[in-house]
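All chains are identified by letter, namely A, B and C, in their written order; residue positions are counted from 1 within each chain.
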Amino acid sequence: MRVVGSLYMAFCALLLALPIAVVCGAALNGGRSMFFPPRDPTLARFGEFFVSEPVWTQALGNSVIVAVGAASLAVLLAWPLAYLLWSTGSKLSRTLAALGSMPFAVPPIVFGVGLGFFWSFLGGLGALWAGVVSHAVLLMALPMVTISIGLQSIDRAHLDAAATMGATESVTFRTVILPQTIPYTISGFFFVLVLSFNEFIVMFFVSASGYATVTLQIFNSLRNGYTPTMAVAAITFIAVSVLVFSAVARWGDLPRLMGADQSNS
Amino acid sequence: MTVAEHIETGPETARAAKPLSAVRLLSWALTAVIVTLCVVPFLLVFVISFGRKIEGAAWVWDFTLANYQRFFVGALWPDDVTFLYLQQLGFSFWYAVIASLLAVLTALPFTLLLSRLSRRAQAAWLVFILSSLSLSEVFIVMGWDILLSNNSGLPALFKSTGLTQWLKDTGWFQVLRDWGLASPRNVKFKTSQFATILTMSYLVWPYAVILLYPALSRLDRSQSEAARTMGAGGWCVARTVILPAIRLPLFGTTLLLFVFLLGTYVAVTVFAAPAQHSTAVAIYSNIRGANLNAPFGAAQAVILLMSAGVCLALGHRINTWAEAR
Amino acid sequence: MSGLVLKSISKTFGGTRAVDLVNLSFAEGQLTALLGPSGCGKTTLLRMVAGLEAPSGGVILLGDRNITDLPAHRRKFGMVFQSFALFPHLTVRDNVAYSLHISGVSRSEAADRAGKLLDLVQLSAFGDRRIGQLSGGQRQRVAIARALAQEPEVFLLDEPMSALDAKLREEMQVELRLLQQRLGITTIVVTHDQREAMTMADSIVVMSNGRVEQVGSPQDIYHKPQNAFVADFIGKANFFDGMTVPGGIRIGATHLVAEPRFIGRSLVRVAIRPERACLDEEPGANRLPAKITFVRDLGPIREYHLESALGRMVVEYAAGEGGKIFQVGDTTEVRLPPDALHIFPAPTAHEALAVAAE
């Protein structure tokens, strides 16, 4: 039974890794076409992606700006929502939290279409800042969840203890609540960062060809076929994801964030 | 402690005066922001779906049901009826149902095994799963495209290893041809529903693991152990103890993945034949693609969202009904 | 500053009265234990004293100051919580210095005072540790030092021993009492453990159902319980229900000689401590034939469970006391000295239910 289980997990891992491995291998192709196994292996494509091809370097820059900006903004939006939900638990706060996670829950294409109309009325269509705001709203649900988990992990007796030692509500927030939820806030930030980095459907509608992120650039050139430089982008993105989630696992409690029971920690 | 030294008022009056304005201000500001950013875009889609396209220009505000009529029975109704768009919606549902079921059913045993590992091993696996989860659809489609395309990847592998010849010899090749998975010369996965559903299923598989993980890792292990001491075997435990306990998350996960998959675009355009494209593809081509008919695209988006909503509501109904039994 | 006084304090949650018209005064420098079964309202009362909970009615006075409406952070009564509520993101020293940091005491002075407090609780070597690296007993000391750092006028402890194992608990009770006597600080301890209360307290407040049942010194509470609830909750007692008759009490068919302080024919409940009943040959009133049904030898104490005309009862001897050793099945006589009998009015149906619920 145990052997069968391990084999099954290994099989799943293999299948999960297969297309990723293929893409990574394809990045080494010497020519302009994708082959697997790669022909005439070279690392020249990495140079193109990071340094020499302005299409890609600009897209990478945009991706970074959007991801970092969206992650920061999403955390700033999610904090008051999660705090209101935790401290009051009122009907209003629950409604707001539900509305705030709606963009993430519905098929992204619908929200993308809506944001496309929204920005065309507000004049943000095709502007990078509108892309940042769009991704922040789309992915706000993630830090809201992680911060809520963090807030719930605070023993309410800590707040009482702070009060008996002379802390006002704002001092308690600064000295007790905030420091204890920082790992969860950072996790939320990183989740948004990675997902924004990879998202392109909403970005497609709000960018209106005004600019492109890396994934959007690949999406736009889909009909012209793949090139090994795109595979380099894929490798970069996988590396970023693995790095970020490893960091979250290293400095935060990943199983707990994903909803595992506390008791077996 | 000097100000309140001589409070003579009763406790009730003093407490009523406690200021709440900061919280209230925050609530109002948040409500405004959330409504603007999360609700207004959806409302716009809804309102514009009643708009009218002007030939050669964009579109104007209107209140016409023409877009919906076109979706259900075609633009020329009642002279001519076409169910093209309904058929597209049907394909959306078909792909999404099969792919989400496939993902959940294969992810379930995996997640169960995962939740039995040590905390460290779980964290390592989760990093892997999350990295795969966050990987952009374009990269995943790229990978499977290389793997399934006709002149590289699996078909080439089949041919060079002689597997194709073996299939032909044993007669299975004809079966594959009947299923549309082979050309006269070799196996062929593009374009096919098989490739579409496989990729879509792959797309949401990590989501399935992540969504099932909380419920499975909170399973009370002593219950399974108790069942074992009463003589239940592995399968019996799974059927009588574990499955009933996770029925709800299992059902919920399938529904969520299904809704998510309704909007899949890249996998469908790359792997499905043009005649078998889904509503999501049609939305694209209407809003930003060749057709440029925003009101009709909006109407399709509304219908997609409504059908997702109906499915969620129906699922909820079925579930409460099953619960009550 | 002088003692703390509670006047007609009540607290209702929804429709239930958690605390019902409590009047108490806590003398300056004394340690008072609020003792009662779980759910009796003692923790709610303590939280109202701390300012964490607002009373539904009544007044709290500290000396001659009305502090009823003063919020917790202005009262600054040091409090030790059941879970200790130490901040996991701070070191031991920063936990202790927390109240000093937030009140703007300079870093060096705060560190200095925290050091002294850690000395006081014998944890000077642990200042830089994280809370997670401490044992339960060490955590409790940190919690005590932290609550004392602000030099509170009143020191509150909510079930401070419940997170410790049994052996450590007894040690810490003695240590805490010595520390409190050294500092001479007005202290209130909430506990459900009568041994803990009797070890530490100058005065014990026994509570049940949100009401004060008895206030007194530990000895008074034990030897002169004012009602059946206190007799039952503090220590062990044998109970019999009966009726007053001239010269004593009739229980079933048995007549016991006692000092009846009630008018004739009133229903009463009689209690006797197991160590006051005797199994001996000495002459005296209230001798009843009895049969030993079970013997429980705990080392320092030997318990005889016996069956008599009054029903089942327990008699207890300290080791080396009371000559003869009995075995199960032995028949003997049990003697209930009249001055050892506590006689209470029979509990009303309502009270009986409440006692039964514990």
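By our rule, a residue touches a chain if its C-beta (ideal position, glycine included) is under 8 Å from a C-beta of that chain, and two chains touch if they have at least 3 such contacts.
Note that the coordinates shown come from a computational prediction; the quantities given were computed from them, not determined experimentally.
*Asks:* Write down the pair of chains with the top C-beta contact pair count.
*Replies:* Chain pair with the maximum contact count: A-B.
*Asks:* Computing the C-alpha centre of each chain, which chain sits at the greatest distance from chain A?
*Replies:* Centre of mass proxy via C-alpha means gives C as farthest from chain A.
*Asks:* Between chain A and chain C, what distance separates the C-alpha centroids? Give it in angstrom.
*Replies:* 55
*Asks:* Can you work out the whole-Å distance between the CA centroids of chain B and chain C?
*Replies:* 59
*Asks:* Quick one: report the Å distance separating chain A from chain B, using the average Cα coordinate of each chain.
*Replies:* Going by mean C-alpha positions, chain A sits 17 Å from chain B.
*Asks:* Two or more other chains touching the same residue: where does that happen in chain C?
*Replies:* As it turns out, chain C has residues touching two or more other chains at 74-76.
*Asks:* Out of chain A, which residues touch more than one other chain, so two or more?
*Replies:* Answer for chain A, listing residues that touch two or more other chains: there are none.
*Asks:* Touching residues of chain A toward chain B in the complex: what are they?
*Replies:* It comes out as residues 1, 5-6, 8-9, 12-13, 15-16, 18-20, 22-23, 26, 34-36, 77, 80-81, 84, 87-88, 92-93, 96, 99-100, 102-103, 105-111, 113-118, 121, 133, 137, 194-195, 197-201, 204-205, 215, 218-219, 222, 226, 230-231, 233-234, 237-238, 241-242, 245-246, 249, 254-255, 258-261, 264-265.
*Asks:* Which stretch or stretches of chain B touch chain A in the complex?
*Replies:* So the residues of chain B touching chain A come out as 23, 26-27, 30-31, 33-35, 37-45, 48, 106, 109-110, 113-115, 119, 122-124, 126-132, 134-140, 142-147, 152-153, 202, 205-206, 210, 213-214, 217-218, 234, 256, 259-260, 262-263, 265-266, 269-270, 280, 283-284, 287-288, 294, 297-298, 301, 304-305, 308.
*Asks:* Give the list of chain C residues in touch with chain A in this complex.
*Replies:* 47, 50-52, 71-79, 81-83, 85, 87-90, 98-99, 101-103, 146-147, 149-150, 156
*Asks:* Given the complex with chain C, which residues does chain A contribute to the contact?
*Replies:* Chain A residues touching chain C: 155, 157-158, 160-168, 171, 175-176, 179-180.
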